[in-house]
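Worksheet: one structure, shown below.
Order of writing sets the labels: A, B, C, D and E. Residues in every chain begin at 1.
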Amino acid sequence: MSNVPLLEVTNVNKRFGGLKALQDVNLSLETGKLHAIIGPNGAGKTTLFNVVTGTIPVTSGRIKFLGTDMTNDKIHRISRRGLARTLQIKSVFANMTVRENLWIAAQSHHGVFSPFKSWKKCVRSVEMADIICEQIGLTSLADQTASNLSHGDIALLEMGLALATEPKLLLLDEPICGMGPAETEQTVIKIQEISKSTAIIIIEHDIEVVFKIADEITVMANGTVLAKGTPESIAANSDVRNAYLGDDDDD
Amino acid sequence: MKSRKKTEIQEVIQDNSRRSFLKKTLTGGAIASAASLGLMRDVFAKESGPIVIGHHAELTGGFSSWGYWHDKCAQAAVKVINEGGGIAGRKVVLETEDTESNPAIGARKLRSLIQRRKASFVVGSVHSGIMLASIPVATELKTPYFSAGEATEATGSKGTRYSFRTGTDTYALAAAGAPWAVENLGKNWTMIFPDYAWGHSHHAEHKKLIESMGGTVNDPIAVPLGTKDLVPYLSKIPEQTEVLFSVFFGALSVAFYSQSKSMRLDEKMKMYSVSGTIEAIDPRDIDGAAEGVFFLENFPRPLEYKDDEYHKRFIEMMNIDSVHAEEIGSDRIMAKSHAWQSYENFFALKAAIEMSGWQRDSDTPGVIEALEGLEMQNSLAHPQGSKLLRAEDHSGMIDCFISKVEDSKFVVKKRIPRDEMIAKLPPRYDFRKMSL
Amino acid sequence: MRVTDTYKFGSWLLVLFTLTAPWVLPLLVDSFWVDIYSEILIWSLLAASVNLLLGYVGLLSFGQALFFGFGMYGVAIGVVKFDLGFWSAFIFGISLATGMAAIAGSLAVRLTWHYFAIITVVFSLIFYFTALSWKPITGGDDGLPFTIPPIISFGDYKLTMTNANFQYFFIVTIVGACYWLMYRVINSPLGRAFVTVRENDARAALIGLNVYLIRLTAFIFAGFIAGVAGALFALFGRYASASYMFYHVSGEAVVWAIIGGVGTLFGPIVGTGLMIVLREELSSVWDHYLLLVGVAVILTVIFAPRGIGGAFKALAEKIARQQFSRKESGP
Amino acid sequence: MDLVFALALNGIVWGLIIALIALGLSIIFGLLDIINIAHGDFFMVGTVLAWTVLQTTGNYWLAFLLVPIIGFGLGLLINHAVIQPIKNAAALSIVATFGLSIILQESVRATYGAAPNRLVAPIQETLLLFGIQYEVYRIFAAAIAIFAICVFFGFLHKTKLGTWMRAVRFDPEIATAMGIPAHRIYMVTFGIGFAMAALGGVVAAPITTVDFQGGIDILPFCFMAVIIGGLGNLEGTVAAAVLLAFVEGIITSFTDPTIARIGSLIFMSAVLIVRPHGIFVGATR
Amino acid sequence: MTMIELRDLNAHYGKVHVLQGVNLHVGHGESVALLGRNGVGKTTTLKAIMGLVRPTGGSVFFDGREISKLRPYQIPRAGVGYVPQGRGIFPMLSVEDNLFVGLSKRPPQDIIDYIFDRFPRLRERLKQSGGTLSGGEQQMLAIARCLVMQPKLIILDEPTEGIMPILVKEIRREIDAVRKTGVSILLVEQNIKTALSLCSRVYLMEKGLIAHEASSTDLEKDSDTLHRFLGVDV
């Protein structure tokens, strides 16, 4: 098992009309590590997440998850293989309560086509929802409608939705975007906790956080992988400094 | 299949007669078991109060220009009857429901007339589709229903013992007009008509007759009801056509005449039609588009071709002029060939009710038996003329007229007396075989 | 009174009224209103089918009349052309509608938003025109009247819908069964999945829900409910007609559903009831009552897009919350 | 063979009139994101207004001028009363315009009456074309439709207001930030949409009937043109309308017109499923 | 007197309170940068100034006038120029139409001449449609489109985002040139270098509030603060 890479992206290209969003991206990520992807806006980070989760089809290339080819699989199939993600623009099921949100996420992998059973009797998912609620710290708000939550709580619920599907790999797209320092700190702790049991790939702008928590960092720019390595090696890479931290030596 | 249906009907009817027997013998008990004060009130009301007759009319929708006259006729009839002491001494109350010229709504409104407005008899719709949708309802609710639509099925394959028609159907119209038209207008016919029962019925009946007389009938042209533009249909009329037989109504009819005129079809062929096509339309209004067209009518438009006291009084009642049948003070033209039925049918009912000694709804079978074979004499009650409501197929035997539009006036070219009609069209059904 | 109590009380009142209507209504108004109430119940199913799609999976169908029409024609054609008995014709009509929903749905639910609304109209128009021109089978513009076969017959004894009370309770039973079915489905995992898809289809797919299949299931279920309504209405009116397949009928159903309140189980009954009673009462008083209907529709959309049911629900919840918070802050 | 030509020609004439009406539908959708179920009734109101102008003034030509102006005014009014309030709930636009459709039909029925009328064309001459006598007015009607369509496209591309309409259609927020009064553009657009349908009514009134239900049959055809041409693609709408009517005309020459209509509808659903942005996508965008 | 002043500006997206009382000002001829992480409300602040997001509280004064009471389209006409994020070029309009889209009539010739002198490439492509321009050219067009309206203040939302590094310099130069003509500038940037080099003063935003204010020179040295609010090392 250990010699099979968790996620293997081979020569993936994605074009939007004339725009090359991803160019020959190759990535091989091992299990048991917290990976981070960084890069400037428009580098193709979110596009990479999108093709990996099947939200958009690749133009060419292959994507393997735990050794199985899942290039251009249907989104829900990929999810059921154990790949969950959060979205940069937080989106939860606004008119459902927190508990219902988590319940459906848990139930979605156990089948929803049982039209005559009361949903409250699907004990396994009900319990799962409670566990996740506790884990993300929203138990006190469990019966609130999601649309009544604060920005930070929605971000937490978003992560809860992904967790409730019991993923093998969790893709987090800017999970602390828009949070204050206190919230950020809590969330980062949570992410670290989760990473003990679940593999995580995180896209984050906050370099400090990334360097603090990541075991391995991939830097992307202009649709290509610029560098990959330990935080230390990345910090020392001058290409990375140029591409990401701004053209240092203008004027 | 046919036989099974018949036995079903018989069984339903037996079931009913058992019930009426019960009612007669155990009146008190039966009423008590109805357990409803409302029901009891109804039963008594019918025995002494006014007689409710429903009118199922096209007040709105595509047939509203006809419905206006049917309504006016019905009101005039009830007025005349009530001024003359009512029916069997009981006042007549007229209840009207608008069918909106829509079969689906019409069937619903008939239920409303009978069940809500408590009509014991219904004088019905001139719309063939509504009529056909209504007959099963009227039969189920055991209420005599007079229709005025021309589709032959109402007194034919889809007729029942409860449906009557004093006017002509397509069968009668074909028998009345086709022989003369084949002889005088030409032998090669093309028929164009709207795609619903009325049109198809005309086509079927005429085709049979014309072919039996050695004529040729080309492929028919059925125009969908919502059609806006007739050019695609008119351009399909074969060149060799000698007689163009059309059946339309209302706006489509005007469209047909103006369009065919502008396409100069009238120069190539003779145009022949039935009264329905020109009902409620004034030839003066359509810029001569109807000039030279032959029409088969039930009732001549000008007074002069049936110049008697009753016709004159009827015209006065309707407040129309004696040449164009135009309402005085408005520009409405009376739908004269059909609307008279909504007047005369009340008198037919009056005669039958009085003959049978009808008291309440359970006596209705007597009225039906009285209506079967009812003879009506030319009178104020029957200004269209003497007629017979034939016992077998419940259809009216009346005089017909062939007119030609000359100078925007209707000129009668030929009168077909009802005796001739009776001889030419033997009954094809006998509803008396259905028990009541 | 708590929210659930209000609901329970309202539901019981509705059930009680429904069961006693044939005796209560003639005392209050007249016996024809029993028929009107039957009609309301039948039409409410069509509105409920719109509600299932709009209120629970978030798809605005403007073509539910198609399945209503199929249910209707199934019964009429079954009786007239195939000489079927009551039950076989009824089941034939419903199966036809459900089958059609499966075919139409497999194509239609690929689309969402405006496109979905348009394609449902287009599908219903295709069959509307087909029904109009396919005269030998459908009766074209005249429709297809038929004589109702008996429901049960033991030799001489026949039970038919010509018996007014029997007809009423037959309709109540079938409509009631449909609502029970909808209740069960809505409260099942499948029903939760419907709502999830309505709330956010992209997210629903990401947590592993097969959005297409869920939408298709909802569509077929809604088609089935509309088909039952159509089959019942054919039996009730002893008549089938293409005019019931026109998009105006679908539009009316959408209006009833919206005025009643989408996303609530009984909203459609309230909306349908209100609009039909309005029609019955106003149409005889004022010829142009439809003007009021039009205005009511627009006002509802502008001011109460969640309809009467939604407004009631919001109000009940608000009251409940206030009481709750008062309790919280109490000594 | 002559019949095919005659009906194809007749199809093109209708196609151009439909194109004019459908263009109104298309700009309303493109700019306001509103599926206007009442658009057929806008057309119907046009026919009724044309009839009214003829009755009161005795001059039909006046209708070509007056009716679009009245239509524009009605459009502004409706936009203010119905469309603006639901702008944030576009999903319900179908329902609101359905209500509007009921109101328009019923108002016309209440004032003008339920009985259909037939107008006599202001040009009575006919031409012998492909073996049938063809009305000159129809040729004239097609010419008017072409003229109006050209004027509209000229307006859209050559005037400031037209540029603003295109800008707002692309992105109302940025347009506003550039100083374009988007809400007025919406208003004007809706007015123009109504005016075009009403002008279509004036043009078509003499070759069809004037009836309060006259818009019901026109609407599906307009939608077909808009969908097949691509929602919001104006040039596509015109092309699709003419093409469809032309093909329907040809099909009608050898089979039932209802079958031609069903054929078009099936084609339209195929377009919706396979190419939801219309068959001319790429022409403008 | 200030060119623009935001007093306790509040805004909501639905129930989410995005701006929770923003206070900032830009003086006459001053250029100010608004920095912060993704999602803290920078773009919303700009949109609230432009009236594209309806403030739920507080007010915006521009040149002594309360523009938060104006209709949104009147704000640019009052002299606030806006270069939106992603440039906001109308792709199907010609470059010329794009350039003059905000004006009801053509501006005086000297302005046109000035614009074309500054952006000669636009003159060459006047009849081309806006969508055919490269990202950098579109940015030039967006700035030029703003300048033809002769604004007193220009608001730029991430003008160098997603632009090739070579062109970034050019854009920076153009903004600097605009600044030197005396027009006030309010700049939102991700690229701290750009922001610090163009602006004299910087606001740091966090969670819908202005959390810190400093001069560019001070901030450049204050790596702690930069770290805290932006999470960047410079």
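Note that a residue touches a chain if its C-beta (ideal position, glycine included) is under 8 Å from a C-beta of that chain, and two chains touch if they have at least 3 such contacts.
Remember, it's a predicted structure, so these values are computed and weren't measured experimentally.
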Review point. So which chains are sitting against chain B and chain C at once?
Key: D
Study note, to complete from the structure: Hopping only between chains that touch, the fewest steps from chain D to chain E number 1
Check your understanding: When the contacting C-beta pairs are counted for B-D and for A-C, which pair yields the higher total?
Key -> A-C
Practice item. Find the geometric centre of each of chain A and chain B from their Cα atoms only, then give the gap between the two centres in Å, rounded to an integer. Key: 76
Review point. Counting in whole Å, what is the centre-to-centre distance of chain B and chain E, each centre being its mean C-alpha position?
Key: 79
Review point. How far is the middle of chain A from the middle of chain C, if each middle is the mean of its Cα atoms, in Å?
Key: 42
Review point. If you average the Cα atoms of chain A and of chain E to get two centres, how far apart are those centres in Å?
Key: 32
Exercise for review: Identify all positions of chain A at which a residue touches two or more other chains, and write them in rising order.
Suggested key: none
**Study point:** Junction residues of chain C - those touching two or more other chains
**Key:** 132-133, 287
Review point. What is the complete set of touching chain pairs?
Key: A-C, A-E, B-C, B-D, C-D, D-E
Review point. Can you list the residues on chain C that touch chain A in the complex?
Key: 184-185, 187-193, 195-196, 199-200, 202-211, 213-214, 217
Check your understanding: Quick one: in the complex, what on chain B touches chain D?
Key -> 60-62, 64-65, 224, 226-229, 231-236, 250-252, 254-255, 258, 262-264, 286-287
Check your understanding: chain D touches which residues of chain E in the complex?
Key -> 47, 50-52, 71-77, 82, 84, 88, 90-93, 97, 101-105, 145, 149
Practice item. Using the touch definition up top, name the residues of chain D that touch chain E in the complex. Key: 160, 163-164, 166-167, 170-171, 173-183, 284-285
Study note, to complete from the structure: Note: in the complex, chain C contacts chain D through residues 60, 62, 107, 110-111, 113-115, 117-119, 121-123, 125-126, 129-130, 132-133, 248, 251, 254-255, 258, 287-288, 290-291, 293-298, 301-302, 305
